Amino acid sequence: MKIVIKIGGSLIQLGEEIDLELISKYAEVIRRLKREGHKLVIVVGGGVIARKYIETMRKLKAPESVCDLLGIKIARLNAYILISAIRNDVYPKVPETLEEAISVFSMGKIVVMGGLQPGQSTNAVAALLAESIRADILVNATTVDGVYTAPPETPGAKKLDQVTTDQLMEIMQSSTEFKAGEYRLFDPLAILIVRRARLPVKIIDGRDPQNILKAIRGEKVGTTVIP
Amino acid sequence: MKIVIKIGGSLIQLGEEIDLELISKYAEVIRRLKREGHKLVIVVGGGVIARKYIETMRKLKAPESVCDLLGIKIARLNAYILISAIRNDVYPKVPETLEEAISVFSMGKIVVMGGLQPGQSTNAVAALLAESIRADILVNATTVDGVYTAPPETPGAKKLDQVTTDQLMEIMQSSTEFKAGEYRLFDPLAILIVRRARLPVKIIDGRDPQNILKAIRGEKVGTTVIP
Amino acid sequence: MKIVIKIGGSLIQLGEEIDLELISKYAEVIRRLKREGHKLVIVVGGGVIARKYIETMRKLKAPESVCDLLGIKIARLNAYILISAIRNDVYPKVPETLEEAISVFSMGKIVVMGGLQPGQSTNAVAALLAESIRADILVNATTVDGVYTAPPETPGAKKLDQVTTDQLMEIMQSSTEFKAGEYRLFDPLAILIVRRARLPVKIIDGRDPQNILKAIRGEKVGTTVIP
Amino acid sequence: MKIVIKIGGSLIQLGEEIDLELISKYAEVIRRLKREGHKLVIVVGGGVIARKYIETMRKLKAPESVCDLLGIKIARLNAYILISAIRNDVYPKVPETLEEAISVFSMGKIVVMGGLQPGQSTNAVAALLAESIRADILVNATTVDGVYTAPPETPGAKKLDQVTTDQLMEIMQSSTEFKAGEYRLFDPLAILIVRRARLPVKIIDGRDPQNILKAIRGEKVGTTVIP
Amino acid sequence: MKIVIKIGGSLIQLGEEIDLELISKYAEVIRRLKREGHKLVIVVGGGVIARKYIETMRKLKAPESVCDLLGIKIARLNAYILISAIRNDVYPKVPETLEEAISVFSMGKIVVMGGLQPGQSTNAVAALLAESIRADILVNATTVDGVYTAPPETPGAKKLDQVTTDQLMEIMQSSTEFKAGEYRLFDPLAILIVRRARLPVKIIDGRDPQNILKAIRGEKVGTTVIP
Amino acid sequence: MKIVIKIGGSLIQLGEEIDLELISKYAEVIRRLKREGHKLVIVVGGGVIARKYIETMRKLKAPESVCDLLGIKIARLNAYILISAIRNDVYPKVPETLEEAISVFSMGKIVVMGGLQPGQSTNAVAALLAESIRADILVNATTVDGVYTAPPETPGAKKLDQVTTDQLMEIMQSSTEFKAGEYRLFDPLAILIVRRARLPVKIIDGRDPQNILKAIRGEKVGTTVIP
């Protein structure tokens, strides 16, 4: 199977600290999928440190797109950390364009990436790559256990087992700010790509990387997006 | 003034033909703005030939993002044609990343570009660049004379002198398809960037390049987007 | 066997249209050769659209070498189309320098290219690559069924089964114009490389891609160039 | 004058926080030097965040040279922050090779850099650049007010007004660890380059950026290295 | 005036030695032309050391195009030496593609180059660049004092004050070998470009760099090629 | 085994001549190691021609770091010669950054390199790479048969079978000049990397490439560095 896994940046950082234990578990799951014969692209987000740099840039009144550039560069650093944790069968350089990513993927190695260009979240990057390589599944590992009808902490918010892309778009738009580094479970661009490419997507709780294996084996976990 | 001008790809192509006369007029207007001391970035779209290549790719069942890559490359070819028409004080190479574009712009030459990465229309590229260089105005030259309440050919559609980004988003979403090379006066990503960067935008009839001068001098022309 | 196949740009375009059916047949032949264990480089020409862009540039009084740059970029677009048609076991990026092409070829994938640098036709590029990778054969697929003693439409022109490089040089020089995008069955630079590298060359009728298989199997087809 | 300024990474970070106030003061000093007609290269170090990433990599048992790569990438992020703070007359991209840095410098803009290649501290990078552009002075802004006979906190350690490169080498070797991201006032490679290029160097207290102006005007401040 | 100067590689090497005195004279002439307001591109050939490396490669049975690659890289080293000799107002990096050369030239610095791609002599590169920047003159500095009716050492060979490109082609073809690094006063590709671009060319004795000044001032010197 | 072999530049050049016979023997040894299943990186030095170019640059008063750039480029040419000699299973392009080298190595081909950045000898490059790929052994092929207590020609100098990195540092510092292209058996940076990475190093007489095989098989030869 061709698999794209998006790992939220805030997953691999606990407050200011980088969560080495969780990263090691991700590395283990990824190596296992590789051994089972799957072809893998991993896209890592920026997380807390990205947000810290972006806030600094914003205070300096840097344009959002330039803030975004920095966020992308930090997501790439997180990708390098994951590469070091995976260690074998992984391409040691983080691709910086879609074309480079596709080319490296064609050589058979695990590809680990951060962002690409300003104006695209790492979720959109994961969707673009999934589309480009005709992935069989896109697993989105986040800090919640699925998609809710409203922000999870809202009273009455219910977890959904399935959502259509239309529903997802609606839920997201009510809660999203369009700024570099802002938390976005799935942004409009990512949803549009999922829809046009008819990508099978699973949104799962990434705090336990085993959920990735469940998602790939078709077990019931998180929320399934119906493209 | 720092000015970004987006020129729709379909403007510079008449059916299958490249409209040399109109291109020469654009070159004249751009050289004039340069002589008057303005700093310029021009973003050119893909047009008919882009769509022809993209359709071919689609028939070959290429993923949309790969189709997009081709559309971007053709928009860049159109940029090379405009560079040849402008001839002096213009940077002879088409930048391929946002960072390259910003760097070249800082050296004082006219910058002419096509697209950047899949998932972003050339309208979004123009908005990103306008944001990045803190442009005073973004002029969007299209094949209609402004924004209408409905597709211009619809009975009862009225031209608007002003729109807010919210209105624009609403109008656009009712008529847009999210596919490589598809006609989009202004796509969601472009609108979101215009809004967050509070960019002054003018949408004008690009069939007469003099409208660009009018827009820049603050004369009444086309539709003004209130960010 | 190491095989270089040059596909004329005018083959894959019928007038203004891209000939999807023929492209699919080429893709099939190429995949088959790959399955049989051959190592392949394909060089695609620019064709009608290249000529259209070049003419536009010429009317803008762009230097020929800059026209050539555009022709090269369009040949690369054609290469991307062929890549999409071949789909598997093909390197997804079009190399832009000889060194890049040789490097990618060494990794075992099918390489598909357009042009390299101004002043070199795609025929010369095919010859350079054939020389660089020590190809066993260079098959040149054109719109005629071989080399004639004079332009094929001339009364009395006879098809040749074999030509020496000296004869070929003579025939070519009487009918060639040295301009970006001009029709050239085989230009002087290409012939000189064929001669110095002692490359076995077959010039065949590319309107039927099966002729490529015949040429490679040593069957009688087209014209054989004796280096 | 041609001036290279090295700004220690720990200066621009207070613990986990990026010190925006100090960065703004640096930007002011740099803009002022530019207005006075000086030509400037600024090299920024990695600081606390670099060390955090490097420690993470080390725990993953990444080779030191790969840790170094990450430290370099973070120093470059710090350079982007400084670029945003300087804002005008500064090249917007951080050069990644010595050749790129020299080329950009030749175009007359302020150049801001992080590191270059593993095995070289940002101090060595500053010295290499100072040598390459034949700088009149290299100002090293650190968190101490000059070179001491022993680590500053040691009882009896005395600040020196002048040191020879031999003395400096001796002092440094007794206190330096050779690891990615480790604190090094001036490492052996940097000292060797200073010596061979006979570079005038001033080591000053960077907590007050005014000291840079003093150093450049030849006022008594920090420690002067006699090459 | 826009001027392209080609300096033969064998001029700047005496046997195995690099002729520093002559190089310094060239640098002086180039600086002087720059001071007089001319815009300059210099193309340097490979010379003896190039030929030594190429011979080694040939003995290892490397393909000619790969030999060519090495010759190009050595011509670029010679370019770096000339850059060091010119020292000011010169771009410190040697461009490696036509597009890069044109871009750097547009920024107003003296550009110094070696070769571009296999299959093109540095003479052809000089002609391509002269065409691309619409040069007013191309001065070719060689080790003879002009074009002769036959190789200069042949009894009865006469120096010509003027040649047409047709004559030049005829003279050259009788004496040229088409191999990497081989001596060629002017190869077919270079002549074809001179002809199509109608470039004014002067072939002069480069052993005295003052001849360059004479050629540019329109004084009688060497051989004039009538395009 | 993962093996890094450093071949001194003066080994492959006899005075002004390139020693083709020795190069062929090296190629044979390298192919043999590849066939035995080892993974290989070869780093080649600059040698006599590098020194000639560097001297020329120095006479032109070029900064040492710029001289170094040229030395690096010539070491890369030597790498291309070795690539041509090895011919199969070798990556045809010489990597120019550490990251590129590591990436190419991960694809399973023999990697052949010259230098990386000014300020680092090719010995340091070999050590950096050995560290980065976690090499099992670094074999340093030089023109002497091991490390001596003093320069080998000194009366009383004794060859050592083993040295610690501290001893090596001491021996080297007494005899080393820190200049581009200067002879250095092992420079401080290289030793520091060997020490921190605990790299097993063998310094052997490279005039007989069979010594490389002996070193790898653990036979007694040259000097062993105890990290």
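Assorted remarks:
So that you can tell them apart, the chains are marked A, B, C, D, E and F in the order they are listed, and the count of residues begins at 1 in each.
One rule holds for everything that comes next: a residue touches a chain if its C-beta (ideal position, glycine included) is under 8 Å from a C-beta of that chain, and two chains touch if they have at least 3 such contacts.
If you're wondering where the values come from, they're calculated on a predicted model, not measured in any experiment.
Taking the mean of C-alpha positions as each chain's centre, the chain lying farthest from the centre of chain C is D. The rotation relating chain A to chain E, fitted on Cα atoms, amounts to 180°, rounded to the nearest 5. Work out the mean CA point of chain A and of chain B, and you get 30 Å between them. If you average the CA atoms of chain B and of chain E, the two centres end up 42 Å from each other. Each chain gets a centre from the mean of its Cα atoms; for chain B and chain F, those two points are 54 Å apart.
Touching two or more other chains at once are residues 66, 69, 99, 102, 107 of chain B. Viewed as a network of touching protein chains, the structure does not reduce to a path, ring, star or complete graph. Of all possible chain pairings, those that touch are A-B, A-C, A-D, A-F, B-C, B-D, B-E, C-E, C-F, D-E, D-F, E-F.
Residues of chain B touching chain D in their complex: 99-100, 102-103, 106-107. Remark: chain A residues 16, 18, 20, 23-24, 49, 52-53, 56-57, 59-62, 66, 69-70, 73-74, 76-77, 80-81, 84-85 touch chain D in the complex. Residues 91-93, 107, 109 of chain B are the ones touching chain E in the complex. Chain F makes touch with chain D in their complex at residues 63-66, 69, 97-99, 102, 116-120, 124, 128, 131-134, 178-179, 188-189, 192-193, 195-197.
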